[in-house]
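Okay, structure first, notes after.
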């Protein structure tokens, strides 16, 4: 192996730049050449590819987003696109590829692996829904953003009497909502994994009012159904004591300076990915397994999306 | 004057606690007794009033919200409520009152002044719509929260191609949206003071797309019409190149640790308010006039709500 | 078991309040009474002990420091003090005790355990030097504080040519310095675990200067010898190209809002500690073992202090 | 006027990038060409000068430091260097120059003005010691950094009993120390403007101990004499009740994301500087005068360094 590529793909997450830095610098330290592929698989198909030196990885560890950018690439979901991608990799003289991204990106990496190309995947996603790793790059920063927003809401919530609904990201996974709710002192969490009735929500808010609490805080996962707008409408139509206010954090959750945890995780996974490629342990995702990094076949990593662990639901019920 | 009261009223704003601290400590330093009135005029009518010592003002300067809480009080908008309020002030042996709050709160203070009670007002509002002061307590912290959210959006916006709409507070005043837009690098600002057509908004987004920008960022004041949901709907129905995403910051903007500026402003206004009461300069609002504090009659402060200055619109057009 | 006590002891760390909250609420949820012991073992000997209800654990999760305060207690290092402590625990009707703190505090807990009292320990320390847990409560927040300071130094370091020495905490353990150095883009890390010569340090700074870098950043652990003042003096006496500037973060590293990670870790450990007491698994420290919580005998936890893992030294060498 | 230059000089301060952005974009909007001069007067003498387009000012408003870098330039303090600088300006075809920096930098600008070159100065300095402007670019961000550090110290200070000495920047001006002390809840401030005896400091710490306070916090300006190390030594030698701990924030105070206030101030001053050059109002510094921008001759701006206003000393005495 003489030359490897690195790309970020799918939704970006804080810490991706730290991961790029680690891949580039480790590869160079191991005597490899490195090329950066812009805009994920879309840039691969377009040949938007350039050499990266040690300096290209300087001054980026603290920045949100990804200097290699990302894009969606429907063409790469089809065999035709995948074959073209393989051709581009060969044209560029690449012997290996590190793909940093979520579920869909890792499936793209798996397709290349199945065609015989040497790939390593790194879980980059704020949703923490990737199978085979305890944490994905970006989750910790996002959780800090959510917790900070909840702290701010509680500041003002205590001053006058309101019920706050706050929508957080997470796609089909309730991790961010559940853990955010535990750490932000929410009265209730509404997540895709647990069905709920609008009456229950109204009852929780009403109970908080009747008990003399000066506010109620409800964290709603974006994947929860009914969605936040429907819930707000229902609460406003029914007498729940408090006025109802809505916050939708949106993509603010994807940005921001990456936290220490995400920088460290990204660095460890980036270093390990290059090492696994060099060892010939191909077609795997490098993940966090307890205190150490470890590998899992890409098939397994992409076999299904993780749900929030029951432990967190139990924690919420105990301490909230 | 031997004993004064202090209350926070209306929507809370970051820095109110620093203001309470300054009022309490200055009054004590000047030999006065101080009583805290909980929940604004509502707490006054209920007699929810207690002595405050130097220690009650300790450890609060860095906290968002207000330790005296706030509440709405429709009763106090009527003469009957105002007379009852006056009676309560007398029952408590209060010779003066400092009211920290927005437009409506200052009108309540004015009503007491007109009945002959010694009041001083302090502008506390995140909207910066209070007449007669350059800045109100809370505006700076809120602006920092908005700018931080815009920085995070731009991090992720540069990674993949999106148009972001973000709604910020400000009631009828476009200050937060306009200045936030200047400082956060927005492509467009939509504020109550300037009418706009949905087609114009679509054109700006489309232009950004056609020019090859990798995102478009639009800051929408909560008082802008049509509102953010209508704008998002329109952009999604018309071909503007980018996908559209919405963020509604909501009450997150009211919370958070107060900034240095707000703590200092609040401290200076709190100290000055007690001094003005002692000097017998009654029925005024203490505000920031340039580099110094100054006073303005409550009549003038509440005569109308301020709009955003033209300077900021011009600044936006020049540097964005 | 009907009534348990909880205390924080030794140096405080961010997240201790989240831990207190979890212990109090879990105990109440399990039908126990809870008493808070102020100022660690010193407060125990003085009988500074009070009942805690669910409300006493409200609104504290986001606050740095510890609402139960801490203090040193030399008396409790001797048998006489320990026996008096046991007597106080019995006088208060306590059947169990949760001790949150570092090395010395856990040794205090072990002494009580050996006298037959039911104790559980929780590792609270910013130094990450406690044996038997992957992370201690407070480490993550401290690391974020350090990384934030290093980011700020790099901002200004790139603007004009300087060598910066920054001292970080960690006692005899180089974890904070090593990981901070990796994540903050330092040129060199100086830690107690690895001896170094002043000439080497001067050479690294000189090399950076000669290679045309616009700054050099060196992270110095407080336990490193020679210490930061001696290093600065040496660099100033020898020609190293750059001007030399010193930052000593000091106790700023112990404060601040706890991060999401520390709040979650503290909550999980607090919940688990109460459960272990109820299960009769006594005399253990509850720690983080990979993705899960686990227990280790207090003897083992206090047998020696952990050093920084070699993995981190290797990481630094690869990516810096 | 067809082409102007812009440079940052002296110590950098947060917000300088926002100022560069405003100068570049306003100049372009007014039909001018713009050139960036790297490393202040040193880069001018070296001819380190390049064209700047609208894009060069993109994505920099949120970054600390300065993309144009700064350097000291002893040669420019002498006539010979100044004449060479003038020659370079002419060689580059520059008709005007905007200098962003502190005292020394503005004196350099004045020298060029006296030789007939069209210059405008903008006060960039964290020390707030520049005459003729209410605030300099960078002061507000630095104050927020200091206040954040003081909040963190108080978190931990309340947990166990310590006296904290914290050194902050400000050169000969006590502004940062005085205002930081007011807003951060310090027991005492030690600044260059007010002589003090070591015994007084020891007395204040001892009084705090005797009164039962759980900590004492003293903010020491870097220009205060005796300096922080001497004070710490004295307190340790004399019985003051508390243990003594030292924090030296150092250059951390110069970095970090610029605050909203500094971004706005920098933007307004940058826009105004270009306008003044175009109006032919030459040789002035653009500053903040109350709520508006205004100009002052560079002679006046550099005639002396400002001291902290008495108002702040009085504020400290009233509210602390």
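Each chain carries a letter (A, B, C and D) given by its place in the written order, and its residues are counted from 1.
Note that a contact is a pair of C-beta atoms (placed from the backbone, for glycine too) under 8 Å apart; a residue touches a chain by one contact, two chains touch by 3 or more.
Note that the structure is predicted; figures quoted are calculated from it, not measured.
Enquirer: As a multiple of 5 degrees, what angle does the CA superposition of subunit A onto its copy subunit D give?
Expert: 180
Enquirer: Could you find the chain whose CA centre sits the greatest distance from that of subunit C?
Expert: Relative to subunit C, the chain with the farthest C-alpha centre is B.
Enquirer: Taking all residue numbers at the subunit B to subunit D contact, is the shared part over half or under half, that is, same or different?
Expert: Since more than half of the residue numbers are used by both chains, the interface counts as same.
Enquirer: How many angstrom lie between the CA centroids of subunit A and subunit D, rounded to a whole number?
Expert: 39
Enquirer: Can you compute the centre-to-centre distance for subunit B and subunit D, using the mean CA position of each chain? Integer Å is fine.
Expert: Centre-to-centre distance between subunit B and subunit D: 28 Å.
Enquirer: Rounded to the nearest whole Å, what is the centre-to-centre distance of subunit A and subunit B, using the mean of the C-alpha atoms as each centre?
Expert: One centre to the other, that is 35 Å.
Enquirer: Check each residue of subunit B and list the ones that touch at least two other chains.
Expert: Answer for subunit B, listing residues that touch two or more other chains: 148, 151, 154, 158.
Enquirer: Under the stated touch criterion, can you name all the chain pairs that qualify?
Expert: Result of the pairwise touch check is A-B, A-C, B-D, C-D.
Enquirer: Considering only the defined contacts, which subunit C positions touch subunit D in the complex?
Expert: Residue list for subunit C touching subunit D: 8, 11-12, 14, 63-66, 69-72, 145, 148-149, 151-162, 164, 166, 214, 245-256.
Enquirer: Taking the complex as given, what residues does subunit A use to touch subunit C?
Expert: Residue positions touching the partner: 18, 21-22, 25-26, 29, 58-59, 61-62, 134, 140, 143-144, 146-148, 151, 154, 158, 179, 182-185, 257, 259-261, 263-264, 267-268, 270-271, 289-292, 311, 315, 318-320.
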